[in-house]
Amino acid sequence: MTPQSAEATKTIKSVARQTVLKMEHVTKRFGGLVAVSDFNLDLKEGELIGLIGPNGAGKTTIFNLITHVIPITEGKMEFYGKDIANLTTDRIIRLGVARTFQNIRLFSNMTVRENILTAFHAHLKSGLFTAVAFLPKYKNEEEYFQQKTLELMKEVGIEHLADNISSSLPYGLQRKLEIARALATNPKLLLLDEPAAGMNPDETLELNQLILRIRDKYKLTVIVIEHDMKVIMNICERIVVLDHGVTIAQGTPIEIQQNPLVIKAYLGAGDEDA
Amino acid sequence: MKRRTKVLLSLTLIIAIYVFVYFSELYMDPFIKRILNTGLIYAILGVSLNLINGFTGQFSLGHAGFMAIGAYASALLYMSPETKMSNFFMIPLISPLDRIQIPFFWAIIIGGLMAAGAGFIVGAPCLRVRGDYLAIVTYGFSEIIRSLFNNLQNITNGPLGLKGLPTYTNLWWTVSWTIITVIVIKRIVDSSYGRALKAIRDDEIAAENLGINLFKHKVLAFVVGSFFAGVAGGLLGSLLMTIDPNSFSILFTYQIIMIILLGGLGNITGSVVVGIGFAFLMEWLRFVEMPMNIFGIEIPGILGMRMLIFSILLMVTILFFRQGIFGKVEFSWEGVAKLFQKKKVKE
Amino acid sequence: MGWSLFMQHLVNAISLGFVFGLVAVGYALVYGVVKLVNFAHGDVFMMGAYMMFYASVLFGFPWLAAVIFGIALTALLGVGIEKVAYRPLRKYPRINSLVSSIGMSFLLQNFAVVVFGGIQRSFPVPEMMKKTIILGEVRIQSVSIYTIIFSILVVLLLTFILQKTRIGLAMRILSTDFDTARLMGINVDRTISFTFALGSALAAVSAVFYALRYPQIFPFMGQYPGSRAFIAAVVGGIGSIKGALVGGFLLGMLTVLLPAAFPEYSGYREALIFALLVIVLVFKPNGLFGQEAGEKA
């Protein structure tokens, strides 16, 4: 275990914390195909957990289920005790869940700044009339958003590219932008889908530090889907392993690394990355 | 540039425009005035359709339907009872419409509001429908309106239409409404709501996953866009002095689509300039439909040549100028300032 | 309504249903393969009618030859339009292609006004199609019979092409998964060209039967059948051939039987049909037979 995650584990084990996300017996079927089978999760505030598994294991599907991009077939899902199984995606986001995408879904026609600014809209309190008439209430909100956008850009280190079109950014920075944008929705739960994809080892190290930093600074709970073990093993306190929709193991990084089932299903291939 | 400076500059521009209107109303050739009025109405139509299609990325083909609602609603309100009686000679107009007469301004507003209401009714269910289908469904709505208006003789006078509409439309009204349309829609687009609309256009799923309620915002675009379409319809009716259901067909909508394409999807300046330009271009192109004498050879006028040339222009734009003539370039005071700076440097 | 009158209306409805069905199928074929709402389909239909007209009237072709010539030319026209107006825009967002098809529709209509003239022309109807067949008390137009018979033949031919030929297979694969098809070595460009050729030919065939019923042809004649094609294809399930046929049928039936059953409301027919379209789409966004094809994260 690295110094970073050891430190993290010490902190969380000491306090009894709220349950952020509870998923019970969640199953997703597409016609005859079972994409996710009997998935259970009890996620406590402040935890940073990893979700790993071979391609097609159902990891992104879990994210899609949490944010209701697709509905669950069976099971229960609660966010801070509130049943979210039947809420719309945008409602769930506004409750405090944010996610990034495996394939990066930035607004390619907008600048870096605009991408992040857009994310603040979810929490805009001014009505349309107030905004159009540029009344003081709106003016203040807009200024606040602009200021926060600058802070977030600085947080991930892209403020010097603020007015560049987002699609012109190098891949690694696009991923960081997506994270900054997700943070703009003021989330309590952050779902990161393969944030390290396409990054070199230096960038990956930066990413690890970024994730830990924002987890602490913004008081987040984080689930990370990753294939890159340099991320998972170094920052995650707990890891859930999926294979063909079934949870085959759950535990600390050391436990997972030594679990024969996991090694058989997945880590055999993963070792080449780590 | 400071916001206050921009506001002051804009106000100055507006005052200058009104001065122009004052003198135009007195001295401008009536023929040119009519074209200008038409052009401004096209500008309103273009900017309002651009809000729906260009900024929110919802491909609506229903604009003519909203225009028709605005045109008829306002006409039935500002027409005098006598004019109404002479129009509804076959089947009388229902009460109390046959007796009502209200000032032009309010009639236009109500026309716009009714069109906005239709925008809500159309928008709400239609937006469940996938992108390409939305074009067909909104087209369907436009045709439903046309069919209804052709049949509800006791309200619309059917295919005979309404004739003898008083001419209230003049530059004061068209310019004012154009200014209002541009200001309101520009404010929406530049605000947080505009960012949400553009996000929906760029990537609906990403927008939704940032907490943006797709439905609410799409309906918003529809309602605002159709309000101004209704206003434009009302203004057009009073300009042309006659309206009938069949002039508000899908072909009219196609023309507005062409205007926003040529001006640039999502470009307000483009819609205004091309809208006004379209009216003048159509008039100017009339000459190709007149007999001409080239090098002593008499070429007979060919009817429909105007629209053919316009269609070719349109295809060229679609294929080679996908961003329209103006692309992403919008009028801005900063841009104007830069122009002056460049000039200074040259000197 | 008497039995004989009802039978007449029914035959009428069925034959019109086939006409609308064929136009719809041609349109649905293109949508299924390229996912393009081809607003110009109705105008290709119109061009087909004119080409047959000119072949017969100007060049003196015998009727059948004129029809075949017209169908072939229309197929070529379809291929040409695809190459010029749709292919270059394939790599850009869908709205560009949509707008291009609208522009193409506009162009074809205005072209027809200038080149063919705005006044109506009379489509040549061969003698044998002008007859009325009398069965007891029922009077049936021979046109209707010919329409039904030949439409069925066309549908069978189309089914054969789609199910039993290589190009048909290619078309079906493309309509299911565009990207995989490419990887499987299917010549995408050629398949799409063929699809347009086939779709346009179908438009021309339906134009024949339509023009035989309503012999007055004019540049904007494609608007109405074209809109029927949309409605039929969308209600039936966009991209589904079977759905387009069923949708076309439904429309044909409604178009004839509604005014016959409720003559007072005949003027509202259009409103009702479009209302039907909207209602179906709202409750079954993918049409009656369409598949759920969603794009998620």
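To keep things simple, chains are lettered A, B and C as they appear, and every chain counts its residues starting from 1.
Just so it is clear, a contact is a pair of C-beta atoms (placed from the backbone, for glycine too) under 8 Å apart; a residue touches a chain by one contact, two chains touch by 3 or more.
These numbers come from a predicted model, not from an experiment.
Among the chains, the centre nearest to the mean of all shown protein C-alpha atoms is found for B. Distance from chain B peaks, on a Cα-centroid basis, for A. One finds 44 Å separating the Cα centroids of chain A and chain B. The mean-CA centres of chain A and chain C are about 49 angstrom from one another, to the nearest whole unit.
Here the CA centre of chain B is 32 Å from the CA centre of chain C.
Taken residue by residue, chain C touches two or more other chains at 296-297, whereas all remaining positions touch fewer. In chain A, the positions touching at least two other chains are 69, 101, 105. For chain B, the set of residues touching two or more other chains reads 205, 209.
Within the complex formed with chain A, the residues of chain B that make contact are 184, 187-188, 191-193, 195-196, 198-199, 202-203, 205-214, 220.
By the touch criterion given at the top, residues 53, 57, 59, 125-126, 128-133, 135-137, 139-141, 143-144, 146-148, 150-151, 205, 209, 250, 254, 257-258, 261, 265, 302-305, 307-308, 310-312, 314-315, 318-319, 322 of chain B touch chain C in their complex.
Residues 67, 69, 88-91, 93-94, 98-99, 101, 105-110, 114, 117-124, 126, 128, 131-134, 138, 141-142, 145, 181-182, 184-185 of chain A are the ones touching chain B in the complex. Note for the complex: chain C touches chain B at residues 35, 37, 84-85, 88-89, 92, 94-96, 98-100, 102-107, 109-111, 113-114, 118, 223, 227, 230-231, 234, 238, 267-271, 274-275, 277-278, 281-282, 285-286, 295-297.
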